[in-house]
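I've put the structures underneath this note.
After this come two complexes, each holding chain A, first together with chain B and then together with chain C.
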Partner chain A sequence: MKGNHSWLSSLNPACKLFAHLLVMFMLMAISDFRETLAIWLLAVAIGISIGGWRISYLLKRLLPYFGFFVMIFWMMAAFGKGEETIWSWAWFHVTKESVSHGLTISLRMLGFVTYGLLFTSTTDLTSFIMSLIHQCRLSPKWAYGLLAGFRFIPLFQSELSQMKAAHKIRGYKQKNSWKAFARYSLPLFTQGIRKSERIAIAMEARGFTGSRDRTYYQTTKLAGKDFVYFIGLMVVVFGVWMAGFVL
Partner chain B sequence: MQTNMYLGCNHLSVRFYQHRKKIVDDITLSIHPGEKLLILGPSGCGKSTLISALSGIIPEFLDAEVTGEVVRRERAGVMFQDPDSQFCMLHVDEEIAFSLENRRIPRGKMDEMISDVMDKAGLNIDKRTSIESLSGGMKQRLALACILALDPEVLFFDEPTAQLDPQGRIEIFELLKNLSRQTGQTMVFVEHVLDGCIEWMDRVILLNKDGRMIGSGKPEEVLREFDAEIKEAGIWRPKLFPVKWNDVVENHDHPVSAELTRFIETRSEEHRFVGGNPMIRVEDATIGYGKKAIVQDLNLTIHKGEWISIVGKNGSGKSTFLKSLARLESLRKGKIYFLEKELSKWPDVELYEKAGFVFQNPELQFIADMVFEEIAFGGRQRNWTEEQIQEKTHQLLREFGLEAHRDAHPFTLSLGQKRRLSVATMLLFDQDVLLLDEPTFGQDEKTAKELIKKLKERQAQGTTIIMVTHDMNLVDQCSDKVLLLKNGKAAYYGTPYSLFMNEVLLEDSSLVPPLHYKLVHARKELSLV
Partner chain C sequence: MKWKMKEIVLTVILAVACGVIYLGWSTLWIPISALVGPMGAHFMFGIWVIASPITACIIRKPGAAFISETAAAAVELLTGSHFGLSALMVGVFQGIGAEIAFALFRYKRYHVSVLMLSGALAACGSMAYNLLANGFSYYTAEVLVSTLVIQVISGILLGGLLAKVVVGSLVKTGVLDQYEIMKERRKQGHADEYVSGL
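Moving on to the complex of A and B:
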């Protein structure tokens, strides 16, 4: 997670996350595919206008999910229940209702992914954690622990690939994936525990106590533009939702 | 007890609750302000524990039974050996700021203080650099900057260079030496490589394996009096100290000078082994990982029974090339022939019966939960008969001195035993080629020498050995040929003698040759002046 230099990435991460979570909740409550489509298009529009997304980036990131989109849609549409048959062949039975359901569910999935991506692609991990401390009253003990943990991910990846190579040389054949998982995870965990103990000691030796009684190098604050984004997004999404009832 | 003690301990003993034996036993020590103290001892002798007790990590953050008195300084900084497990943030500035935040320094003062400690630690990089992208040496510089930000009265160093290559080690020692000159800071070291640090220590103390202090005094005295103990402890003894290099160069009658000269003469006359049939042939190969090509246009032949060393800077592609030879990385371009058959055409099972690969970190290559099974693994996969497995495995256990540990879990072995086991597992099929990625890295002198001896025995039986290493003495003593990788090219492939005699090439690739070659170059320079 890294920030880009867009307007969206200058917003307060906790506030932005809260806004996106609320939109996701509303998406869950909406059962009309036109409204869902509008809210998803809104996310794409935000990403391109103030989120610093390029079309190429958007395609690269969302393309795998379009595959899911088609699959979910087809499963819902072709096997769903409904009255008004549009098309029917062999065991496929497409009805007006099932098409509408399929579109809602698959667009909802796409909406979730896009709002999530909108958050992760414009948020710096450190400032996100800092805003959890400052705006959400998360204890520094957890926050800094979380940050230290993130540093493990690339380390785990390189260790795993080395273990796989070692197994290959020794002629280990992967018979079932659960056994392989147990095989790789034990050494990774032991290394992980040892490393995290060392990190904990190193942090404490540098005077870290985990209490809130400390100063901060990076502070995140709530500013006017955070409210503008939050309220703006809420009004538009809620408006789209309500428009469905009126029309 | 002395009331005016600055830092130290009086009859200090430490025992961890899960052990019955004391790890530090009855140590009395007084450290003066500004003193540079070096603590030596075999691995597991309690050196690190002693430092932890003096710095306050024990008993504050690590539980242990402590008896005796300890006098501590209020502000102490500790630098650890593993560059990867002492940071908790993602960028350089945040990491240094973490120390300042803990001290409750107001935000307004932080920027200035961060630049200040970065200067002191020789960290001339952008402060938003991500920590992950730093080399080991740079990470240790950052660790130093972080503890300097604590404004410490005393600095503790727990093997700060153990995970660095020789170049990185020289840089860190040089930096610390200058720092100690400028600030007069009190420093306490634990190290097992003495070159580069023992020259500027005020006092050395030596512990034995029971955690008792057996020697204390000036560096040259301790080295002289306890030579046998230091050797037994596996400490990499200094190659020159207390002799001064300038004396050796200028004085032809100096005993060290005479010895080195004699040595170089035998080297020049020596004929290196020229191997048998071609084992591995590399043709126009380009190697790399991901999308990036690292080394291009490689052409070379390795013959049966040769010992090849691969050298070069960090990131020059040594390890990647080694992995390509065992088909663990795929080639970007070109071909590798293994026993005259294209490498990519070999089936896995047959290939790895002929080639073994020893990884840098042995723990990541262990796959069984018993030493015996670890070695027998390949045989079981191939459905060998029980007798065959027993016989072959026992022979290897004997050869590598692991018989007593046959039922132990590989992870519980000592560092040296783990290393030997990792080699033994790769010899179950009497592999024709053994590829090793920095096999002596982080090892003490004794275990490294034992390992090299085993490898030499194997070579004498006809095994081809290909090894990535940073240790130039090892290159000089063992290898028949050296491959030097530099700037994406094979810059040299030939005998170690001609490589180390080639001053220009050495300089260009920042290789430090063994002393006897260095003497030749220094003399040449002197005669020119």
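Moving on to the complex of A and C:
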């Protein structure tokens, strides 16, 4: 997770996440698909205007989610409750109500994904953790523990491919995928545990106590533009929500 | 109870490992759920709550279940889950559910039945979230009840029981010797076994 050079990525990460979570809660409360669609389109518009998304990036990242969108829609439409049957076959039962519910729920899920992407694509992981320390009062002990742990995501991946290659070169063929899963996952876990112990000892050996009384290379602050984004987003989303009652 | 640094790093790393597994599982889940409906696919649910029982069983501290599940969900979000922010929130709900199970036994008992209970309660937590956010209340009552039952069973088996198996095989490798799980076992009179193990 790295920031890009957009205006959105210059905002305080904790504040941004909080704003997006609030939008998510509002999406949960909205049960009309037009309003949900409008709020989702808002996320796309934010991404293109101040989030530094290019159209090609948008297509590449959002297209797979459209498959997901269709699936969720289908699930709700075919298995939801409703009176006016449109189409029914085997255990699928599509009704007018379930179609409209399906649209709402699948657009809502798309909204969750897009606001999530808006956060992850414009936020640097380190500054996010730092803002958790400075703005959310997270203990440095946990914050640096998290940073050390997140470093393991690419490490796990490279270790897995290494292990696969080592098995292959020794002529191991996976017949049963469940057995292969156990074969690879157990070494991954044990290696991870061993490394975690070493990391913790290394941190303590260098005088890391995890107390609040320390200096930071990087500090994050709340600035005026954070409030502008937060309040602006809240006003627009709330406005869309309320517009549904008026119209 | 104060957390040691190595326990914190271990919790995070177990959560990361589980988060990576969750991500793979999420990708698998979608095609299956569209084919057989939400009911059938929920047999797969249990894996998503496995972080809590594994970590809680090893660390044995209040909060371990909640923190590990939330961190695993955060990893799923950061690595690009198609559930987006919803992956994070459902993790919080599942973590709370699992934490309740261990709190009920005052963080003293970590028998396999307690792990299974944590899986079941995590399933209830996930259901609460789904009713709130994913419009599960729009499903017919039969679908809803059977989904809950299937999720609870799956949480018990794939969450609780599988966690016990994983922890059991990790114990055998000896990497957990310096953690609470083995310390307690040694206190309970397995001291001879440990000495001979050296």
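The rule is short, and it goes like this: the second predicted complex is superposed on the first by the 211 of 247 C-alpha atoms of A that agree within 3 Å, B and C clash if a C-alpha of one lies under 4 Å from a C-alpha of the other, contacts with A are read in each partner's own complex, and residues count from 1 in each chain.
Basically, a residue touches a chain if its C-beta (ideal position, glycine included) is under 8 Å from a C-beta of that chain, and two chains touch if they have at least 3 such contacts.
Since the model is a prediction, treat every value here as computed from it, not as a measurement.
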item	value
Chain C versus chain B, contacts on chain A by residue	C
Which of chain B and chain C A:232 touches, first, second, both or neither	neither
Chain B versus chain C as contact partner of A:219, first or second or both or neither	first
Which of chain B and chain C A:204 touches, first, second, both or neither	both
Partner chain(s) touched by A:109 [first = chain B, second = chain C, both, neither]	second
Touched partner set for A:125, first chain B, second chain C, both or neither	both
Which of chain B and chain C A:193 touches, first, second, both or neither	second
First, second, both or neither for A:75, with chain B first and chain C second	second
Overlap of the chain B and chain C footprints on chain A, listed as residue numbers	125, 145, 148, 150, 190, 195-196, 199-201, 203-204, 208
Residue ranges of chain A touching chain B (in the complex, touch as defined)	125-126, 144-145, 147-148, 150-151, 154-155, 159, 162-163, 165-173, 183, 187, 190-191, 195-196, 198-209, 213-219
Complex contact set, residues of chain C against chain A	3-6, 8-17, 19-21, 30-31, 33-34, 37-39, 71, 75, 77-89, 132-135, 138-141, 143, 166, 169-170, 173, 175-176, 178
Parts of chain A lying in touch with chain C, wherever the complex brings them together	1, 20-21, 24, 28, 31, 64-65, 67-68, 71, 74-76, 78-81, 91, 97-98, 101, 104-105, 108-109, 112-117, 119-120, 125, 141-142, 145-146, 148-150, 152-153, 156-157, 185-186, 188-190, 192-197, 199-201, 203-204, 208, 210
Residues of chain B touching chain A in the complex	55, 57, 60-62, 76-78, 80, 82, 84-91, 93-94, 97-107, 110, 131-132, 146-147, 150, 323, 326, 328, 348-349, 352, 356-357, 359, 361, 363-367, 377-378, 381-382, 411, 425-426
